[in-house]
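Every chain is named by a letter (A, B, C, D and E) in the order it is written, and numbering of its residues begins at 1.
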Amino acid sequence: MQIIELANPTRFLSISARLMPVLVGATAVCFVVGLYMAFFVAPPDYQQGETVRIMFLHVPSAWLAMFCYTIMALSALGTLVWKHPLADVSAKAAAPIGAVFTFLALATGSLWGKPMWGTWWVWDARLTSVLVLFLMYLGLIALWRSFDDQIAAGRLCAKLTLVGFINIPIIKFSVDWWNTLHQPASVVRLDGPTIHSSILWPLLVMALAFSLLFLVLHLAAMRTEILRRRVDRLRRLAADDRLQQGA
Amino acid sequence: MPTLTASGLACQRGGYPVFSGVDLEIATGQTLQVTGRNGSGKSSLLRLLCGLLEPAGGTIRFDAGDPEARVADHCHYLGHENGLKPQLTTVDNLDFWRKVYGPTGKAAREALSVVGLDRVADLPTAYLSAGQKRRAAIARLLVSNRSTWLLDEPTAALDRPSESLLGEIVDAHTRAGGLTIVATHLTLPFAVTATLDLTAHHASARVPAGLGADQ
Amino acid sequence: MPTLTASGLACQRGGYPVFSGVDLEIATGQTLQVTGRNGSGKSSLLRLLCGLLEPAGGTIRFDAGDPEARVADHCHYLGHENGLKPQLTTVDNLDFWRKVYGPTGKAAREALSVVGLDRVADLPTAYLSAGQKRRAAIARLLVSNRSTWLLDEPTAALDRPSESLLGEIVDAHTRAGGLTIVATHLTLPFAVTATLDLTAHHASARVPAGLGADQ
Amino acid sequence: MIGAVFLRDLRLGGAGFIGLTFFLALVTIIPFGVGPDLNLLARIGPAVLWIGALLSILLGLDRLFRADYEDGSLDLLLASGHAIEGVVLAKVAAYWVTTTLPLIAAVPFFGFFLNLEPVAIGALVVTMAVGTPGLAFAGAIGAAVTVSLPRGGLLLAVIILPICIPILIFGVTATRAAFTDPDPFLPPFLILIALTLFGAVVGLFASAAALRTATR
Amino acid sequence: MIGAVFLRDLRLGGAGFIGLTFFLALVTIIPFGVGPDLNLLARIGPAVLWIGALLSILLGLDRLFRADYEDGSLDLLLASGHAIEGVVLAKVAAYWVTTTLPLIAAVPFFGFFLNLEPVAIGALVVTMAVGTPGLAFAGAIGAAVTVSLPRGGLLLAVIILPICIPILIFGVTATRAAFTDPDPFLPPFLILIALTLFGAVVGLFASAAALRTATR
């Protein structure tokens, strides 16, 4: 019985229902401000010209791609260590969102690569490790969808998520460990950002907008998943002979 | 002299409570029959006891002298599946389990002759009929001496004569001081000390655990 | 009006003779129960009749008007396995078999309601318990009208109420002029015209077929 | 009946989603091995994609008939009075549609990763569409044989190789011929067609025969 | 117990052939893919053989635990009081011996096909002998996770390929370093050893844990 109290998905549903409109509003505002700053306030690069503006989509999606996997890994810990049912739901709901952000990072990156490096794609460490991240998202999604038993699926996917987490530091530090075409970190680094504030600010606002978007999508997906599981449970209950006795 | 005690045992499968509040106690030389309707959790209870499932609540205690003892170290489990490789001969299959469980019982051939399979001992197990395979699985109980037998529908696919054979085997085990827990809804060919009806412990309304307290 | 006759039927499996000299004759509106010990060849006999095995000797004749008719074109076979895909809903499973056997019988949903499964018709079959799955397999007999039913241990996993349901279904089939052959060592919930005990026809010493009598 | 089996297997086969992901994974690991040299990748690209197709056909093959065998469906299909050849045809067709068709459709996309020219991509699509059914039918023999013999592995190798390797060779050769100048495309392509037809016919009847013994 | 499981699995063996088949197919068609350039062939040869080994390990993995799961042996092994890790160890070892050891033994032969120098062949044998056990253990995770699923093959490959990439990279790098002059062989080789050990440990415990969940 404690498990039910601990998890309390019902409370989660009611709280998230109240939060949702606020979050959606904040996301919209951030996007409007961020996009405005990105396209009208930030100066074009003296070298790259207008294409530099791709950065305001590329960098936040890349960050979110990694952040989302981190959320999944944390949820996996929640599943394995605390056996918290919401952790399962969170991990499962995050995977498709993460895959979309990773895809965005790949797509915007290769759009940007064409003018910058003269090719859509190179097999360098940064790019490839992001592709591997994409693959891991897809693999986890496929695995989740293959199971009927969501509890077992949760535990198995959690283990796999944790094993795959090694890829995140590889992505992050690939630019430092191997020579690549891709440029090294200039915002998130130990000795502080090295990037000019006229670009930094729009970038940060866009990053905030993306994070809020992630939050909205994640909450919505979790709500859907919880409701879906309830429907599924009701269907299983309908299959139970012993209940039909009374009915 | 082993005793197996469980109190307040609860079981969940796939997130659904199956039963709860099951108490049982069985000592050396006793046989417990677990009954209940289809899906009441007979098989699940046996799997809980031998450690294949984790209890959702309650405790299992096994006293066999050694304080570290787990049921798994002292039990034979006979499940729905027979655990025989179709490619190997029946005697090789038994020999394998004899090595796994410890060669403390009868030799493989001897065990096979007890269940009346000596003539097919050297055939690939794929060639046996359903009932013959079940008998080979029963012979597995004899190749290694273990005190606790957990039998899930042991008479499935057996004909009358083989059923009484099983009765004799279990009786001998009981006389030698073993414990036996049998899950079945059929009548058994041996004497039973006590009966546990799981239908009574059925998780009341089958409310999904975890995600939907208000459903 | 079909008649199924077999004479001098012999069966070999994996090179070993199983039985020989089996004669049987069953006409419209009759039921034949095949009994025998484990491994006496009950399942093998049914598989011979529906063409899944080839007889090692003897002949099978099926008279149903058409001289070309084989048993396979007119029979329903209910084996040990249920032939249901766990991923598909029960009604989809039945619909599939209805298309394969020819949509001459009840609609899938109707057949499911006859065996009391209407409430689970739209659930994946994986969710059903063992007994429910067996009932779904029995419903398969109803989606297409075929004159000859070959049932192998049809009552396996059924509880009492489902057993009598099966009895009614077979009785209705018999009244409508069908033939039924049932292999089982359990007592059946319907009237049986004749019984064939395979133990009597058992290939004497299970000598490998090619190896001569002195082995 | 053929239609019913085909449609059921399509539904059971699920989305080509996993197949595509697998292909992507496969293409991803190649540069890790041979190095990120785009010219080199473009050269071995057709072979890589062909190998990928073979691999994805082989990977699921084990379960092509085994699932039906184990749950009793195969017995029922054989005892229903229909010809087994029809069952094999329907199942292999559905298998090909679920595992290989999505790959062929996605070849242009993967070609972009491997730096292939448009001509090469076009040739790949055509040759793969023609050749892979032959691979699937040849594989079906193996699948049928292993259903009946628990240890059919060696047999499987012996049966599959002589049919698959020629198809692969002519598939790759035809593709290369399409974008390297002096070589003519048509001769290897025609041989490929002939091989596929041969593979399909042999595969169909041989696997039907193997299945008949499997249920004995 | 470990010995008993190992010996039984060796006898059951069988899965190895399909991997060998595939390996052979791969090696045969690569020359057709790259055309008649022997130098190029020698350059990518080690990578081809490594990728081939990885993929053929994948091919049989599906049945690694599934056969035991379906016939009830896995339950019995787990309920016998022995540690599951031992079961995993024995099964993976037997799997490696039946599927990969023949491959490694055949490398000199395949190397000749691909125009490799003796040094390269020697290096390949050594690196593969060291690296492939790591792949097998990592693959066991996928096999354990998908053991209860009706169709595992492709899904398993999708899950496992990304995890196997590091071993592949260093295996190929070490092999290359052995026959291209300035590069030192030892550093990548030591990393390969470390990765294999790491993979074996993680694979052992992760698949044991996954099996425990799967039989629940």
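Everything that follows uses one rule, which is that a contact is a pair of C-beta atoms (placed from the backbone, for glycine too) under 8 Å apart; a residue touches a chain by one contact, two chains touch by 3 or more.
Note that the structure is predicted; figures quoted are calculated from it, not measured.
Counting steps between touching chains, the shortest path from subunit C to subunit D takes 1.
Both subunit C and subunit E are touched by A, B, D. Copies subunit B and subunit C of the same sequence differ by a rotation of 170 degrees once their CA atoms are superposed, given in steps of 5. When C-beta pairs in contact are tallied for each pair of chains, D-E comes out on top. With chains reduced to the mean position of their C-alpha atoms, the one farthest from subunit A is C. Spacing of subunit B relative to subunit C, judged by their CA centroids, is 31 angstrom.
Rounded to a whole number, the gap between the C-alpha centres of subunit A and subunit B is 47 angstrom.
Centres computed as Cα averages put subunit D at a distance of 23 Å from subunit E. Residue positions of subunit B touching 2 or more other chains: 37-39, 86-87, 126.
Among the residues of subunit D, those touching two or more other chains are numbered 18, 21, 25, 28, 32, 70, 150-151. Looking at subunit A, one finds that residues 132, 135, 138-139, 142, 148, 152, 236, 241 touch two or more other chains. The part of subunit A that touches subunit E in the complex is made up of residues 132, 135-136, 138-140, 142-143, 146-147, 152, 155-156, 159-160, 163-164, 167. Interface of subunit E with subunit A (complex): residues 141, 145-146, 148-149, 151, 155, 158-159, 161-163, 165, 202, 206, 209-210, 213-214, 216. Listed in rising order, the residues of subunit C touching subunit D in the complex are 13, 47, 50-54, 70, 72-75, 77, 79-88, 92, 96-97, 99-101. Only residues 1, 3-5, 8, 11-12, 70-73, 75-82, 215-216 of subunit D touch subunit C when the two sit together in their complex.
Within the complex, the subunit B residues that touch subunit C are 37-39, 119-120, 123-124, 126-132, 134-135, 156-162, 185.
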